[in-house]
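Let me begin by presenting the structure, written as structure tokens, before commenting on it.
Order of writing sets the chain letters: A, B and C. Residues in each chain are counted from 1.
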């Protein structure tokens, strides 16, 4: 069984955002899959997806602070600077964190650990709405 | 063909550990798949999975040393500190390295390169046993 | 439907290289898949794969500069040094960026965003040709 749909995520501020609920609300068909995989793919190079702690919002603040230090803006050796100082760091963060998630499906539900939630990592100051392709396959 | 099982990995010390054998011993059914994918998913936000060198154990020691410097404990700007100084860095390392592996299956075996092995990356000082969900699909 | 093939990528210099075309030329069968996933797996521990900007080549130069600073050679605490100063950093970069891509397939084509291309990340000074396993599954 295969299911594929494109979801438009609403525009968010720069930072890390919990979007598990926004995705699941648009995916009622998941309950038809007994065993499977949900593949989530963001069609951008300056935003990314990751799984992490779904409880304390300060984790997401600390993620933003950490990645801004680990991948600084305005380094003198950067060449690709035309689209703003947040652009190249956004590309780098996107490749470090990745643009894809694959999550097991069990009995019609995501087989996430208790503390795991889906983060949209918005690395641009003004990224706009983001498109993700969801593909679910299984039996 | 679909196969899914949850495996409990035995508790390990903080650091990087080669677990290819521990996983394969619990997956004799892999030999039934001629072409497929093995999906490995760790249900935690402070441990991760990666593929890397399976020969020299000093690579795994160097990984621990490197990631402790790249993602230090006790940074003054961290907010999420209640669960110990190793907790937030563990979340960050988990998202940098990722909680999922997908490995091609060919002729009933993992199609790994000669030097590739599966690492459990235990980022907590006292992480306890870790649950992974294995899903194999193919024909 | 399942398809699997091993592709030998031609040897490249150290750095980040756009290889979308080289892969697609060897995969005419993709047009048979209406909905699916293309799984790309590099069988090495000192090279990696990522998706990022396919337009301005300076992004790829900046990636090489950034990762050389983020994962320096010749750190005094490295133990695994026998295979050259570029070897351990190559292993680290490989795990940070990852050895796998999974890209949705829609209507016989990769469902990439406008600006997304496949990068081979060659982290060794003299890495030689690299093997990748492509697995496409879908309907």
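Keep this in mind: a residue touches a chain if its C-beta (ideal position, glycine included) is under 8 Å from a C-beta of that chain, and two chains touch if they have at least 3 such contacts.
Note that the coordinates shown come from a computational prediction; the quantities given were computed from them, not determined experimentally.
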### Query
Viewed as a graph of touching chains, is the assembly arranged as a line, ring, star, complete set, or other?
complete
#### Entry: Chain copies touching (subunit A, subunit C) - same or different residues, decided at half shared
different
### Query
subunit A to subunit C: how many Å between their CA centres?
20
### Query
Where does subunit B touch two or more other chains at once, residue-wise?
70, 96, 98, 102, 137
## Note on the structure
In their shared complex, subunit C is touched by residues of subunit A numbered 2-4, 39, 41-45, 70-71, 75, 77-80, 88, 91-92, 94-96, 98-100, 102, 131, 133, 135, 137
### Query
Which residues of subunit A touch subunit B in their complex?
35-37, 50-53, 56, 58-59, 61-63, 65-66, 70, 96-98, 101-104, 106, 111-116, 119, 137-139
